[in-house]
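Have a look at the structure that comes next, please.
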Amino acid sequence: MRAHEIYPNGGPRIGVYVCHCGFNIAGKVNVREVVEFAKTLPFVVVAREYKFMCSDPGQEMIREDVREHRLDRVVVAACSPSLHEATFRRALEQAGQNPFFFQMVNIREHVSWVTEDPREATEKAKALVAAAVRRVIFHEPLQRRRVPVKDRVLVVGGGIAGIHAALTLADAGKHVYLVEREPTIGGHMAMFDKTFPTLDCAACILTPKMSQVAAHPNITLWTYSEVIQVEGFVGNFRVRVRRKPRYVIEELCVGCLQCIDACVYKDARFPDEFNLGLGKRKPIYIPFPQATPRVVLIDPETCIWFKTGKCKQTCLEACERAAIDFKQQERIEEIEVGAIILATGFKTFDARRIPEYGYGKYPNVYTALEVERLVNASGPTGGEVRLRDGRIPKRVGIIHCVGSRDERFNRYCSRVCCMYSLKLAHLIKERTGAEVYNFYIDMRTPGKGYEEFYDRLLQEGVHFIRGRVAEVTDWAITPDEEGKLIIRVEDTLVGAVRRIPVDMVVLAVGLEPQPDADEVRRMFNISCSKEGFFLERHPKLAPVSTFTDGIFLAGACQGPKDIPDSVAQAGAAAAEALALIDKGFVELEPNTAYIVEALCSGCKTCIGLCPYNAISFDEARMIAVINEALCKGCGTCVAACPSGAARQHLFEDAQIFQEIEGVLAYV
Amino acid sequence: MSERPVAGDKGFEPRIVAFFCNWCTYTAADLAGTARMAYAPNVRIIRLMCSGRLDPQFVLAAFRHGADGVLIGGCHPGDCHYQEGNYKALRRYLLLKRLLREMGIEEERLRLVWISASEGDRVQKVANEFTETIRRLGPLRLAPRPGMIRLPAAAQPEPQPAAREGVLP
Amino acid sequence: MSYLYFPGCSLKGTGRAYEESLLAVFRALGIPLAELADWNCCGATAYMSIDERQAFALAARNLALAEAQGASDNGAIQLIAPCSACYLVLLKAQRHLMTDTAFRQEMSGVLPGNMGDPGQIRIRHPLDVLVHDVGLQEIARHVRQPLRGLKVASYYGCQIVRPFALFDRPHDPSTMDDLVRTLGAEPVDWPLKTHCCGGSLTGTMPEVGLRLNYLLLREAQRRGADLIITVCPLCQFNLEAYQDFIRRRYPDLAPMPVLFFTQLIGMAMGLPPRELGLQRLLIPVEGRMAALSKEGAHARA
Amino acid sequence: MASLEPRIHYEADLDPSFAREIIASSGSPSLMSCIQCGTCSSACPLSLYMDYTPRRIIAMVREGFKKEVLRSRTIWLCASCYACTVECPKQIRITDVMYALKRYAIREGVHPPRFPIPVLARLFYDTVRRRGRLTESWVVARLYLQTMPLRIPGMSTLGWKLLRRGRFPLLPEGIRDRRGLQRVLRVVERREVAR
Amino acid sequence: MSKPKVAFYWCASCGGCEEAVVDLAEEILQVVEAVEIAFWPVALDFKREDVERLADGELVATFINGAIRTSEQAEMAHLLRAKSQILIAFGSCSHTGGVPGLANLYDREEILRYVYEEAPSVINPQRVRPEERIEVDEGMLTLPSFWGAVQTLDQTVEVDYYLPGCPPPVGLIRSALQALLSGNLPPKGSVLAPDVALCAECPRKPTKPERLALKELKRPHQVLIDPETCLLAQGLLCLGPATRSGCGAACITGNMPCTGCLGPTSRVLDGGAKALSAVASILDATGEAEIERILEGIPDPVGLFYRYSLPASLLYRRVGNGERAREGRSS
């Protein structure tokens, strides 16, 4: 049957536009040939090429043709639809055409960038264009769906990124739930003494923000709590949060700390998590003096009452506000939010994984985070850099790239270690006067004032030895090495192997995804990149969005980041969330499934398949019906419907069959 | 350097249709592009929202219209954007493979792979491997089918041009 | 389970005591070892420096012989290679055979027997077999004369845990220390367990090799070791045979017995010294053992 | 006074295909990923005797400094202990690269004459090819005769001691099926020639 | 005015379709009254020449049952097509290939060998096979040639309407005849059966649960079938959801699962694939091993999903090794 027989009135009028994308496409695909080929396809009225179709003149070209040539179907062959499908649909709309009479062909990501031979690339591009032209004939006019949006935001993680995002949104008048797993907010930043390169006191800039969070009327702060379930979709997430028992009633505790003094343990004797075991705490404790909320908690693992059931419970007596409650149970809170910001942060690399560096074997090998606590005025040594035996080190080696830039562990550069190593080198030298050696592969200081800070350290006489350390050992060869840790390294700039005896080794451990990042990602239905950090929607154009609408990323959960970048990203995530919820509604792709009622036999095959319970059985009419508001458009029911009564907008069988035939058109 | 199978002079170039889910595998294919990971041009991708949308008819249609191999890509088990569409794809795939076997079609011509959004390199690897597998198997010699293949009827009978022959002029 | 045994050239020469003690210990444990018939040189280091493919071909012939000889046995074929160089070359060649199909095809035409799946042969080091197959408990059951008070430095050298760390960690291996403890002796914690002895360099560039061995011996001495045990004939030779030369250069070094680990096991099991080849040592161990047992008797009294 | 030699390297003196050949021969394409961190050099127990550290050898191979690399003592000092290989953060198989360089140097015949290490390799190779096994005493004796005759008197005491303890058997070892073995080796050789 | 002429013909079929016409019972008399039967070899003595003598289009309607496998069947189909205004594929075999269509699982040679040599009832030591042409004293004897595969009627000639079923249900025949006689016909190419699946008229529909999750698939001979409950709910693979209605759920009323003879609805390209998809969808397993275990309950997927429709399916016929070898020789 000929086209004119199907379409006695002339049939659809298709315009095909092939983008050069500069050289990105045109450097490989013979665009002219693709255009000429497109002209031979049925119903194609015009076919054109342009340098950058997504640019304004490119879009204008489409709009003009739609008006002038009365185009009612448009195919654009350019980049991935995830980048510019929306752009071109809008262009159609502006030209007065239904935006869904459009099909995008991905000849950049799927052709020019992944095909070596220009000939083959051109052929593949032609086939994909042929497929799109065939498909678009079968497109129907559709309407986007509008769904109202909940006016509240969930921020997961109370580090600097989560804090900043929460405050930004709260200041804009939106209600924020800030959920933090630890008993206090503050995250890693709260552990630092100074921040690079300005050497601002971390506490001075962080603790005011922490108090603001606690005091803000628009923020509900849940620490010692974890998100356990997420349902729903953009604008309408239903979230369940588990609040672990602190055995202290948060609302009653005023943080007087009388209970801690009263504890039957006279001395603090349990390793203190906040100080990474370098300090001690009691079973009833507050993580650190500026902890927010300033509420104590009881660790049932070490508390005598929980372990034996026998204790004088002196803490209970000491508390004038009767805030201590040994019977406290965990609580599950349920909230509804329109958007979610994930700011779950990072963990540091476990230095034990590189036995060559002797962490865990030699007591004087420290991780950088431990040294952060040592140099911190409120840390276990009151800011004095002392070894475990109390000595003050005279020579200190800082090894960079521990667990980073290493195929065996993490391939990536952790981005912050160079700078924090410089900072620690400075602080150690300042506090102890020690000779400090930095062992680095490459110095990476690409930030405002960072290179200047590096220069300052060079001026201070800190040693910089370019070479990755192979081994830290206590094997002395020369007398001056006796009793020291010897660092073996090639000084690659000198071109010789050196053995450098030191008293203290600091391992600049890299940043890794949180150990439970994969479970969290599943719960929120987002992706992880290869190294396990949460995956952004687009590295450049959508760096704080995810592939799940309404879920945004902030801080180091997306990849290693320093404080300025985390804060900047938190602000961006907050702005994105705000833009989403402030609008009041979201528009959804009209790719929902529907049932042609007259054709449904009521076989119920589809009903049990729907993950969202969007399909129900209409007992009166004995057929299945789809609630399009609940449908997310996966199409599983459509594939299963044995009689073809269930269908899917934008992914109609006929459209896909046409596409199959098209891609197989080996021209 | 890519290890793309080089087009031989043997004349046989496998034709491969790939149905990729929008969220994981299609995105991974985009990533393969962004990372310039060249792979065999034989693999041509059709986007579905979910591997659960994969109707076995699509696979058979692809074979009928000249595909020598069909690739289905979905999110890893447990990772489906729509909770468990990929499990449904897996069930259909396994049953379909049994059917193909009985129809004398090598099972390797149909392959289901789980590729997450970050696994651009896996798209490259799978595309190249699969193309090689099909190249080794040779063309699918499906007997020519007499008569026209009718497209299924459309939702609204008019003015949609469905319910007509599949072969456009 | 039974094992095939690939001695390698050194165990028939400088490392004879290794072979003797190994066979004695396995015999005492009731585990038969059958020597691979008509085995040839493994193709190790020096050969590899001239022609890698030929070196692999040499190893492939040994694997083919193992497959033919082990075929009657059911289950995987276990091939014990006590020499570090043999152990590594056999492993490397096996991996090469499994990945390079062209090479495998080429070999299958000329090798004795019909090479089936080269991957089914498990190449094992006797230390691995003793610790993981036999088990420390079983060895402990056979200990008749616990080596109480003896301080032992375990020395692995290279090639056993590098680059394939199949049964122990490449940087800080521990199986030999566990074994030493089982024998009643005390392992010395020293950081040079896997530092290189210089291999054939001791012969070809004495100034380099002697220094390396000096540092190893000195550190063992400083850490209080009574003796060193090794798992490799070349390591044992370097550390022991050159001690006279080393002492001439570095007089601070006292004589340090260097034993094969199998000799130490045999001693603890109370096997006759001749069966363990103790008479072949250049630096005798008996004196030290006698002193030790006197001390022990003293302590007991 | 020694004459001054210019230390400049002209591009024309470099061999741009050298890296490719060594990558193929060593089977370690990751050589191109070297970030010059020097872990190999500091892990190497012998680097302090080398004229170029292993790291520099990798850099030189990559840039085509063929002459310098093949003439260096470094490749002969490598004892194949694999310390560099297991610790390389880029998983470059440095030991295998060193093997590849040794083979290249022997094939090109550029190593120093009477330099004992390649001579030992050659003696080892010839003996095994002929007899299928090695007799240590013979190889050592010949090595000293060929490269270090002056050291023989010093070594003779050790030789005597070993002989007395049965650790230096003089009877040459060999396998029964020498012809079979040579057939195997010839197959490989033919392939090599055909290449 | 003379009565409109109609014809009936059979090709590769069992004869059940002819029976179905007779199943009209006394109504057949009304038919005979209304039309003149110009050709019906099964019932009346006509010869091919009788058809050839007709003018093109002289037959108002022709009903052909049976699939097309031989050159003779094809010739007759072409001849009747030319002489008829309306050509109706009657029954599953001419509609979608029918049970004879399952022969597309075998090569022509395999079939001939089995039928003439290997079948248990055959004694043929000389391995004699019928020849298409043989010279005898009386001259050349010929037989129709036996094709390599079974075709549907519309793969052979253009078909105007389809009357599906094995055999077509009497009700559908009746309404088709009424439509024909009244001239009240649907668009050409239509299947003369309701375009809704069988569940719509199944008496057991109310007993079907909303969420089917089958852990085990059963076959009718293995279980005692509850006569009231939905068969799928009992683990029996009933193809009703994937099959047109119009039979009044005859098999299910007989306590047997639907096997799909009326073919798929108009929206479906390949009924077997669609039925397969639906069946796979309702299995209750996520692990590959568990899925495979359940699928063991489908020992013959082609026989289950394409019992009546292999020639009409997208794959059409098995890709055979024998076929390939022959191709290899010819090239």
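In this document, chain identifiers A, B, C, D and E correspond to the written order of the chains, with residue numbering beginning at 1 in each.
Note that a residue touches a chain if its C-beta (ideal position, glycine included) is under 8 Å from a C-beta of that chain, and two chains touch if they have at least 3 such contacts.
These figures come from a predicted structure and were not determined experimentally.
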- Message: Applying the touch definition from the top, give me the chains sitting in contact with each of chain C and chain E.
- Response: A
- Item | Chain of greatest Cα-centre distance to chain A | E
- Item | A-D compared against B-E, more contacting pairs | B-E
- Outermost chain relative to chain B, judged by CA means, is C
- Query: With chain centres defined as C-alpha means, what is the inter-centre distance between chain A and chain E in Å?
  - Reply: 58
- Item | Distance between the centres, which are taken as Cα means, of chain D and chain C, whole angstrom | 23
- At what distance in angstrom does the C-alpha mean of chain C lie from that of chain A? 51
- Task: Indicate the residues of chain D shared as contacts by at least two other chains.
- Result: 83
- Query: chain B: which residues touch two or more other chains?
  - Reply: 55-57, 61, 84, 88, 92, 151-153
- Tell me, which residues of chain A touch at least two other chains? 356, 609, 636, 639-640, 644, 653, 657
- Query: Which chains are in touch, pair by pair?
  - Reply: A-B, A-C, A-D, A-E, B-E, C-D
- Message: Going by the contact rule set out above, which residues of chain E touch chain B in the complex?
- Response: 105, 148-149, 151-152, 154-156, 189, 266-270, 272-274, 276-277, 279-281, 283, 285-286, 288, 291-292, 295, 298, 300-302, 305, 313-321, 323-324, 327
- chain B residues touching chain E in their complex are 55-57, 59-61, 63-64, 77, 84, 87-88, 90-92, 94-96, 98-99, 102-105, 140-143, 145-147, 149-153, 163
- Message: Under the stated contact criterion, what part of chain C meets chain D in this complex?
- Response: 9-10, 12-17, 38-41, 43, 45-54, 56-58, 60-61, 106-107, 109-112, 157-159, 162-163, 165, 170-171, 194-196, 198-201, 203-206, 208, 212, 241-242, 244-245, 279-282
- Message: Could you list, by residue number, the parts of chain A that touch chain B in their complex?
- Response: 1-3, 6-7, 11, 42, 80-82, 106, 108-111, 113-117, 120-121, 123-124, 127-128, 131, 134, 137-138, 140, 522, 525, 527-530, 535, 539, 547-548, 591, 596, 609, 611, 632-636, 638-640, 644, 647-648, 651-654, 656-661, 663-664, 666
- Query: What part of chain D is in contact with chain C in the complex they form?
  - Reply: 25, 45-46, 49, 77, 79-83, 85-86, 93, 95, 99-100, 102-103, 106, 116-118, 120-122, 124-125, 128, 132-137, 140, 143, 147, 151, 154, 157-158, 161-162, 165-169, 173, 175-177, 180-181, 183-185, 187-189, 191-192
